[in-house]
Structure formats: structure tokens, C-alpha cells
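Every chain is named by a letter (A, B and C) in the order it is written, and numbering of its residues begins at 1.
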């Protein structure tokens, strides 16, 4: 299993909001354990999809250069189950952001049907944080850029004034 | 990958609580993405392990009465520490209250004696036949599947009677 | 906003704590301690700050509600206890909190453990008055 829980962003507005989609497919191996005879996408992986949409939005606020980790789901509610063939749409909105961390609210829908909503908190681990192991980093910048490109951040991403986000603006080359 | 986020049930008291463990190993593929430079068990997998622990407690306490047992709500799920490869996550779920459809649990995750996560879960349980009687056979297939898996997860001294 | 009554402040603080900590309304009494009774951890304080800012339309700077900088300073802390200069500084920074109990045994960890819901209401009241 790879760890990509959104397929593509369809909107990404710096510091503000993002929309992403995820198709649920019977070719995903884990659906055959969850469950045999009645495959559904595990709700915790919908939570991860919402966290990835919100987390990349938050990481951009910190110029994609800081350690941003999932710290807390204040709330996460699910309505029913997502089945193969469903397409989930995640909509993430930045609520607040500070040096120490940021909060987002995210919804998930299948078509018009609400599937889930969450309030998610991300901690920015400062260099001097006691929670930050020495020398810790999550990604080589090239790996992170690769992920951002896979999910279309630089194809679709804009600033609130409409100008495009470019990798070179974040020190990627 | 298989979607079994628990390796073993360590102990349980029907209707009250269950403790289970999940070993984290670098053989797990998703750790290559989460994260390339810092492999750790994803936070939502700690949540999934807890959800599965709660589901097993319900199945074992209610003699597999429901085919569908799923996460309805997660509240105040806090991540305190990372669980890297080589470590074991131990989760304990305790029933707070329950009715016919919903059951609320407190969850606690530990790595050795250090806390890794805490929070509350609401788990929903039902049968597909409740809404569509034609799906009764799917319910039975699922329940039989979970009975088989229970034998793999339970230590011998807690094993279910053979049926 | 600045005319908020004590009851209004308490009810909004209560709502923020219920949402941030996943506790029940009735657990959030004025005397309840945030870390002891309500199980608040460090990540929760940021969550609480965000909710208070939104509910009261105020800005709360880092260290304002909880002066971690003083508590980690070698100038004000000796052998795990806040010294007299530190106490003066804390009184200055936390005019909203009742520090009398802490002063009798100023072990650093106890400050957080003793912070109550009422202290938090006083903090908000203080902020609103300062903004007026």
C-alpha cells in the first residue's frame, strides 16, 4: 500500500482553501480485507485524505519548508460508508494559523451526499521543540516536490490574487 | 497490503475493555511514503487500530451479532508521540456507554509505558439485512469471516469455543 | 464585545473547552483545573487559544495565556522552582490569575496544573478590557 490518500487537487488557493478528489476502486488491495463480501473504504483513510488535503494547505503557509505533523482531530464525524466506484471530494478550509500550528476544517462528499467532516489540528514542530527528535525531517525536498506535482498543486495552485504558485517560489528547483 | 491493523488481542473483558497490539515493521510498504526520511506509523493507523480493537470487543462481547461495525465519530484524538519501526503500539479501548446502534469508547495508545494517543470513539454497528433483507447471506458471510479471523488474533488461552 | 458580561464570557469559554477537549458541559466548572480535571495537554492549549480568539474576536500572543518563556528561563527558575524575581514577573504577566496558591510552593509544573477555568475567564475579561 502506498500512502497517497488524495488523487488530485482541483483547487488550491494559498493560505485559504483547497478541493481534492479521491476515487475509491476495487483494485485497492486493502478493500478486500475491509471487508470481504462488502468492500468499503475504511473511514480512517477518509480521515487521512482529509488530513492530507488540509495538511498540504497548511504546509504551504509555512512555505513547504517546516515540519508539519497531524496533532489532533478535535472532531471527525462520518455518515455511512464509501464504496468502490464512489468519488470522494474533500474540501479543506484554513481556520487559523500561527507559528506553533494551524487548524483546518474539512468536509468529504460523494456527489451531493455528505460523507464526513472534521476539525483537524497540525503542529508545526519548531527546531527547538521538545517533541522534535534531533535532525528530524520528513521529506527530502525532492520527494516533497514529487508528491506536490503528483497531486497537481503546481498545475492548479494559485494565490488569492489569482497568480500561479511556482515551485521556484518555495526554493524547489 | 492486508488491512489488519492489529497483530494480537492480549486480553479482554466482555462489554468492558480490550487490549491489543500492533507491531510496526519496516517491511510495511506505506512507511516508504510516510515519511521518506522519517518512517512512523501514520496517526490514522493508530486510530484504525483502536477502531478495530473496539470492533473486536463488540464482536466478542455480542457473539458476532453485527456484520458491519464501523467508525462513526472520533473526538479529541490527540497524538502525543510517534511510533517508529521496531516498536509495538498497544491500544486499550474501554466502553463508556452503548445502546443498540452506537457504542462510545475511550481509547489509549502506548509504546512501552509512554503514551502515544488518546481520545474517544463512537462506533456504529448494524446488519445489512436491517435495510435490505436480501443481504442476509452477505451478513452471514461477513460474520463467518470475522469468526475465522478471531481465531488468528486471540491467544490460545482466550480462544473461542470451536463452532 | 467589550461589554460581555461574566456569564457570557463563561459560557463562551465553556463552549471552547467542550469543543477543544471533548469534555461534557457539566465538567467545565469555574473551579475545574485545565490540566488536572479536564486533561488538557500542550496541543490543546493552541486549540483553545484559536477558539477563544474566534469567539471573542481577540488576538492572543504566544506565552500570553501561559508564560512558558518565564518557566523555562534560568533567570527566573532555580532547581525547578520559580524564584522571587520570577514570581514578580509572573504577577505582572498574569494579572488575571490567582497565584496565591502557587506562590506557597512555586514548583514549575504546578503552575499549569493549577490553572482553572475561572483563570481563563479572567484572562479573557482582562483582554477585552485592555482592548476597550
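Quick note on the criterion: a residue touches a chain if its C-beta (ideal position, glycine included) is under 8 Å from a C-beta of that chain, and two chains touch if they have at least 3 such contacts.
It should be emphasised that the depicted structure is a prediction, and the values quoted were computed from it without experimental measurement.
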Counting C-beta pairs in contact for A-B and for B-C, the higher total belongs to A-B
Using C-alpha atoms only, the most centrally placed chain is A
With chain centres taken as the means of their Cα atoms, state the distance from chain A to chain C in Å.
32
How many angstrom between the C-alpha centroids of chain B and chain A?
24
What whole-Å value do you get for the distance between chain B and chain C if each is reduced to the mean of its CA atoms?
37
Multi-chain touching residues of chain C, meaning two or more other chains, are 20, 22, 43-44
Among chain A residues, those touching two or more other chains are 71-72, 74-75
Where in chain B do residues touch two or more of the other chains?
75-76, 78-79, 119
Residue ranges of chain B touching chain A (in the complex, touch as defined):
1-4, 29-30, 32-38, 42-45, 47-48, 51, 67-68, 70-79, 81, 119, 128, 138, 141-142, 145
Which residues, counting only chain A, touch chain B once they are in their complex?
1-4, 29-31, 33-38, 40, 42-45, 47-48, 51, 69-78, 81, 131, 136-140, 143
Quick one: in the complex, what on chain C touches chain A?
19-20, 22, 43-44, 46-47, 49-50, 53-54, 62
Help me check something: in the complex, which residues belonging to chain B touch chain C?
75-76, 78-80, 118-120
Would you pull the chain A residues touching chain C in the complex into a rising list?
71-72, 74-75, 95-96, 98-101, 103, 121, 123
